[in-house]
Amino acid sequence: MNSASAAASRWTGEEMQKRVAGRYRAERRFRFFGFFAIGISVAFLAFLLITMAWQGLGGFSRTEARLTVNFATSDLFLEEATLRGPEAQEAVASAGLEGVIEQAAVAQFGEGAGELFGGASARSLGDQLIEDPSLLTKKAELWIPLSSKADVAAKGEGDPALEKLLDKVDTKRVFNSEFLTASDATDASVVGVWGALKGSFLTILVTMALAFPIGVLAALYLEEFAPRNRWTDIIEVSINNLAAVPSIIFGLLGLAVFLNFMHLPRSAPLVGGLTLALMTMPVIVIAGRNAIKSVPPSIRDAALGVGASKMQVVFHHVLPLALPGILTGTIIGMARALGETAPLLMIGMRAFIASPPEGITQPASVLPVQIFLWSDEVDRGFVEKTSAAIIVLLVFMLLMNGLAIYLRNKFERRW
Amino acid sequence: MTLSIALVAVLLLAFAAGLFARRRAVGLRGGGARLNSLPGYHAFYVALWAALPALLLLAIWTPVQTGLIEQSVLSSPVGQKLPAFDLARDTILTEAREIAAGDREAGFNAESSELAPIYDAATSRYAAVGGSIAIVFALLGAFLSMRRIGVDFRARSSVERWVMGLLVAASLIAILTTLGIVLSLLFESLRFFQQVPITEFLFGTTWSPQTAIRADQAGSSGAFGSIPLFWGTAFIGAIIAMIVAIPLGLMSAIFLTQYSPPKLRAWLKPMLEILAGVPTVVYGYFAALTVAPVIRDFGIAIGVSSASSESALAAGLVMGIMIIPFVSSMADDSIAAVPQAMRDGSLALGATKSETIKKVLLPAALPGVVGGVLLAVSRAIGETMIVVMAAGLAANMTINPFESVTTVTTQIVQLLTGDQEFDSAKTLAAFALGLLLFVITLILNLIALRVVRKYREAYE
Amino acid sequence: MIETIVPNPTESDEPSVVDGPAKMSARKVGVFYGEKQALKDVSVDIHDDKVTAFIGPSGCGKSTFLRCLNRMNDTIAGARVVGDIELDGDDIYASRMDVVQLRARVGMVFQKPNPFPKSIYENVAYGPRIHGLAEKKDDLDGIVEKSLKRAGLWEEVKDRLQESGTALSGGQQQRLCIARAIAVDPEVILMDEPCSALDPIATAKIEELIHELRGRYAIAIVTHNMQQAARVSQRTAFFHLGEMVEYGRTKDIFTNPVQQRTQDYITGRYG
Amino acid sequence: MIETIVPNPTESDEPSVVDGPAKMSARKVGVFYGEKQALKDVSVDIHDDKVTAFIGPSGCGKSTFLRCLNRMNDTIAGARVVGDIELDGDDIYASRMDVVQLRARVGMVFQKPNPFPKSIYENVAYGPRIHGLAEKKDDLDGIVEKSLKRAGLWEEVKDRLQESGTALSGGQQQRLCIARAIAVDPEVILMDEPCSALDPIATAKIEELIHELRGRYAIAIVTHNMQQAARVSQRTAFFHLGEMVEYGRTKDIFTNPVQQRTQDYITGRYG
Amino acid sequence: GSGGGSGNAAAQMKVVGSSTVYPFTTAVAEVFQRANPGSSVIVESTGTGAGIKLFCEGVGGQTPDMVNASRQMKASEYETCAQNGAKNVIEVPIGIDGLTLIQAKEQAPLNLTVDQIYKALAADPFGKGANKAQTWKDVDPSLPATKIRVLGPPPTSGTRDSLAELILTKGCESDPAMKELKKTDEDKHKSVCTKIREDGAYVEAGENDNLLVQKVSADPGALGVLGFSFLEENADRVSPVSIAGIAPTEATISDLSYPGSRKLYVYVKGEHLAAKPSIKSFIEAYAKAWGKGGPLEKKGLVPLHDAEATAATAQATGLKPLDPSSLK
């Protein structure tokens, strides 16, 4: 019994207590550090998102001013009949509505008020005219969007002179639905992300359609089937190495292979997608291989033992169990592809394209490039549009990843 | 568009053939025999044979057809009158094609409207020919493969051979890409080395690509010593960024798998992954306008007089944050995949959670963790925007993190996207840098492969 | 059944018992794990109508040998098999041998229960499904039920067939693995300590199953339980330190072993 | 398969069952896996100087109960424990109970061997290292050697201590896990079928170890082997369908059980 | 070539080239596309040099129809063009841009001369050894004692060329010896006159000019080098540095009296005109936009002056091919 109590005192003894306390402290430190790490990451993300939302939400709204236009007395050559006809759009575009607005503004708010209105104003006025051609004969009070410069001033960050002028104007903030439906433009007040969004969508579709299956298949081959020899070592190293190749070099490759050799169309989502697929595939392969490696061998044994072929083992058991990890690779790979600019610059996706692409072979821009270009625009109105476009990109990314994340959570298993 | 009809027809045919094959295989089984392979494999086998040769044919036919159509259109009376200048002719032909396809109503050129019907007719004619051949192929493939269906026929092995081929092909794409990259870098690099001695490039310690790219351009001399760039790359990407990303990423992963409630984890993990997808311009602005000034002031406060608002530290810190998800998500997956029995074994010995993590889970999850870290380093090496905006473009050889440095990739991007001329050392240097970076990462990867192989702990 | 016994312990190339053509026969089989030889010169026959038991101290190579018989050793990196093993007269290590079909014909129950992380039902249904043993859902249900019943697990799990196979107790997992193996109706069944985690009653059920199957299938079983070996088997092979020391009729081995080592082990004097 | 079971004769002069303060005592313990109750109303004492055996059919809750005793059930998502369990009079489920120390004091050998994917040496040294039981490398070497010897594995592995613990045979892994558990010198040792994969000789070694440890540690052992239970234990608890049917002196349980169910199980008539 | 390339090549115009001209061309492209539904203009900013290289690769659907240039085409470049079949190059001057130096708004207005700037930035001023000037006072005692810190474009940028050409070379040649040097040793001259110091006084700030504006406005004492339009747009944050007493304004730039002024051009490939009639309308649209009070002026382009303006408008309709002998 002596030894028993000795043992007992050993675990409850002072020295052991001290040691345990120390270990607990280490545990708490460790846990705190974990919490701290995730806290920092999340705080940082929150900071980024909040700043972007703060700057970008303005991009989704625009300021409109009440303007009295007397069409009857203006020197506008437009007829009601044309406005009701099929050529209304073109008629309106060439009618010189800018001048009409400027006149009215100067008349109403005084000298310099012409600056208040710009491209978007004329467009909006044209739309309103087409909607209600009878306006042409009246003196009408209309809500007209401000020019981008005035819009910035109305939001309190622009020219003090304009701000002063705006005090006299009756304004309101409205949701700018055009931002989501229009495409790139040079006037910040009429830009939209639709073209770039569609371009990104098509590009990423091509990327996903290629990188995911190819990545998964390559990972399966390397991890499950490939004999361990020099050749597969070469493949393995070259895949790992591809992940470290700067993306711009993939752009060079795309330029050389897809444009100069295969003569695929420049600036097209097809080429962008192909290039990004080459860039994303290694990430998926690496993540996929790690996931496949962590499937316990006993599962393979079990399936082989009931007479499943290697292929069946892989596709029935290993792949589903490795899927969460593969999806993680896909998510971060796709996120990266979606936010990538450099290689796309090399294959011409930095072009100014004012209409959304119709297919994967049409010239298109993509969101990150659009953001990159807008961030370098002279016009101050682009600042909030840039942030707004970033928000759109992030939302797009989240939606795209949503499915993958759902699947990942669904397939995740502990054993 | 009859070719797409042929395509659909082939696919339908393959599908039907598959169904039929399945029926036959099931029928065989009904006769009491035990099939070598499941009926589904027979179906798949037949469908593959019906579809693949026909699709291959279509793939070859499509470009051939374009040429044939063009020839026949050009040899038509209207076509012969077209201008000889190829751009003008091509433009008209393209317009005609688009009108024929219904993509537009009229072209800039009057001839195109005349040509459209001819184009249309030729298209249907050749598509009909190609389509029928493809369908015949499909039928032949289906018929011949159908004859092999039998009790002893190893349909599964055959199908699996196809799949295996697919797997091998998928892996080979990596090799081809690598090859492509090497080739697209090699020739230009060789030209570079004709202008700049390779020893200077490899061992030189000044980088100043101010050399003239045209006879009359600014700057005339240039120094192409790549060492400061590689040092900068290592300093920012592999040292500072990793000092941020590895602990934060790893600890986040550990917290998520081991300490946080599963519900929270399901939310936090995708949140962290957003960090990887934020466009780098955003990080660049953040680094340059928010982080860099703070760091400069801090540097000056602690007495580093050379602290500048372009600093390696600012770029590295922000980059580290950006790549956290590469480390955290992959480590998270690998840790979560370690069997519960390992965890139990350790906990039952009286280990604390952190001891279990450090001594049992992490070693067992090592391949995944290392994989994630390697990906993160790779991403950091490839990053440009943050470096340009926050660390500057000056190639300094310094270990002072408050000073401005630049990286290989940044220089490559600058050289390639700026004003360029494809036979000056300045632009060619980008290719040489790319090649050297490629070789260096290759060597590092070889080492990493060895190390991981050595330390990997396989469970079970 | 009349057995002709030709005791010939000196003829090392032949198994000591020669009676009718064997379902499986191993000749001079050796296994290396890397450099280390884990098994050498094993020659054993497994007969259709008999149960063969492998006994021997822990670590002597029983599992290793069992894994040779359906080429499960192929999956261990560094494992190398020498010697001949034939199934129905065909060399199973020949290159034209279809390993998949071999494993379908030679089923295996592993020493450590390894259920798939799927539902209990799916665990058992997996084999029949990939081999196309059931055309309709009903047939499959029937196979699953029958297999679980034979493995003595049905009563315990019939209400929770959709629960995960990994949430079962150790013994239940073991029986699940047995059910899974017999569900594909193999010609030879290799069982590596199938009753190690089972209570006497469950053990009795499995033994009953073995008796029942014996007429139709060739069965090999590894066990540490001498009584069990004596109860269920007709042939016994005794392994020691990677060698097969003795192979013969169970009755003979247990009552009148030729080798001293066998004698010692069986009477518990070993070591 | 009725076999004569001879209870351990050394305990014949034991007084009544409920005597002396128990090292661990469980009162009305119940366990739920999600909705399902896997164990109910179990009240058992574990004494310092006695070996307690848990017997019962597969799936009856033995492992579940064992895992309650050192709170390993905490790691199973959805598992919930009710009732009181005390170690030296302290409620182990109390919030101020130090789980880490509890698990250090109450060691466990799992039913499925689960060696770490480390070397054999590291497997055994792991516990002593984290608890700081050895100051010098020599001490640690000593502990490792002693533990492996006690678990009867030393001879087989002494030349390959640096090989991976996962490359051992099933029985070797089981002994490795036993060595790992005793290396930290716990006060209570819980063994879940420690001999299931062991041959008779190795089993005898483990039983010897249990005898040797009995004086110093409280030991609980799950076994399917009635003879083993009778041989090594002084107290036996019989579980059935999640209930503890009977608990008492091993001699009484095996020779004169109170409950019909116990009687049936022990004589193999159950089921 | 084959007509196999996809996309509606006929209605599509491709423009490449300078990033300075890019915003103006895109603005015109936008208006043009709205007025001509179905047409499409793809403008890509590649930098002048690379743009001209692409442009001069030959004639046909694969090559650009127009190139934006922030400087005049070089004779050597024209030669390449001609060799590749594009002999019919049409030059259209579109306006003037100013290379400006900026400083934070709150700083006292600075007035520098080109040779002061040269002395502050050159790596090897007047070939007299490495530049040691730390503060502006070291350059010229009349200047304040603030540290020299100039954020400007990297050597890969076209703006850097302009800086060297318009300001540094002029400053350098204020020393007659340097002018002499040009005749005797052109390489040496170029090195001495255009090489910028690399000891941290000149900070290569990448190509993002908005960032540069923000950095300068937050960093008192620092100067920035960028295009006039950015200065105009950010007049509330940064103020211009006068050069030789002349502040960059529309007026001083337009009459080229401000030293940092440079003309901007669009070059059109004459061979493509016949095949793509829309190019002509596009240039006409351009001409409509570049006038005084036009939309391009709002975007920061400084309109041409008097006679030059008339000539440019005439060229936009006449589209007369370039006379190679007029090139340098």
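The letters A, B, C, D and E name the chains in turn, as written, and every chain counts its residues from 1.
Here, contacts are C-beta pairs under 8 Å (C-beta built on N, C-alpha and C of every residue); 3 or more make two chains touch, one makes a residue touch a chain.
As the structure is a prediction and not an experimental result, all values here were calculated from the model.
Colleague: How many hops, at fewest, get you from chain A to chain D via touching chains?
Modeller: Each step joins two touching chains, and the minimum needed here is 1.
Colleague: Give me the chains shared as neighbours by chain A and chain E.
Modeller: A chain counts here if it touches both chain A and chain E, which gives B.
Colleague: Just the chain pair, please, that has the highest number of C-beta contacts.
Modeller: If you count contacting C-beta pairs, the leading pair is A-B.
Colleague: Using mean CA coordinates as chain centres, what's the chain A-chain C distance in Å?
Modeller: 58
Colleague: Take the average of all CA coordinates in chain B, do the same for chain C, and state the distance between these two points in whole angstrom.
Modeller: The mean C-alpha positions of chain B and chain C differ by 48 Å.
Colleague: Using mean CA coordinates as chain centres, what's the chain A-chain B distance in Å?
Modeller: Computed value for the inter-centroid distance: 18 Å.
Colleague: Need the CA-centroid distance for the pair chain C / chain D, whole Å please.
Modeller: 29
Colleague: Which positions in chain C are in touch with at least two other chains?
Modeller: Residues 100-101, 112, 130-131 of chain C each touch two or more of the other chains.
Colleague: Can you list every residue of chain B that touches 2 or more other chains, as numbers and ranges?
Modeller: 156-157, 285, 339-340, 352, 355, 417, 458-460
Colleague: Specify, in ascending order, the residues of chain A that touch 2 or more different other chains.
Modeller: 23-24, 27, 297-298, 309, 375, 415, in rising order.
Colleague: Sort out which chains touch which and give me every pair.
Modeller: A-B, A-C, A-D, A-E, B-C, B-D, B-E, C-D
Colleague: Going by the contact rule set out above, which residues of chain E touch chain B in the complex?
Modeller: Where chain E meets chain B, its residues are 1-5, 8-11, 38, 47-50, 53, 59-61, 74, 76, 154-158, 160-161, 163-165, 168, 187, 190-191, 194-196, 198, 200, 203-208, 211, 214-215, 218-219, 271-272, 274-278, 328.
Colleague: Taking the touch rule as given, give the residues of chain B at its contact with chain A in the complex, in rising order.
Modeller: 156-157, 160, 163-164, 166-168, 170-175, 177-178, 180-181, 183-185, 247-252, 254-256, 258-260, 266, 268-282, 285-286, 321, 324-326, 328-330, 332-334, 336-340, 352-355, 357-358, 365, 367-368, 371-372, 374-375, 377-379, 381-382, 384-385, 408-409, 412-413, 416-417, 431, 434, 437-438, 441-442, 444-446, 448-449, 458-460
Colleague: Please give the residue numbers of chain D that touch chain B in the complex, ascending.
Modeller: 70, 72, 75, 77, 100-105, 107-108, 110, 112, 114-118, 126-127, 130-131, 164, 166, 177, 180-181, 184, 186
Colleague: Residues of chain E touching chain A in their complex?
Modeller: 4-7, 12, 22-23, 25-27, 29-30, 33-35, 37, 40-45, 62, 207-211, 229-230, 232-236, 299-300
Colleague: Inside the complex, what are the residues of chain A that reach chain B?
Modeller: Going through chain A, the ones touching chain B are 23-24, 26-27, 30-31, 33-38, 40-42, 44-45, 48-49, 51-52, 213-215, 217-218, 220-222, 225-226, 233-253, 256-257, 278, 281-283, 285-287, 289-291, 293-298, 309, 311, 324-325, 328-329, 331-332, 334-336, 338-339, 341-342, 345-346, 367-368, 371-372, 375, 390, 393-394, 397-398, 401, 405, 409, 412, 414-415.
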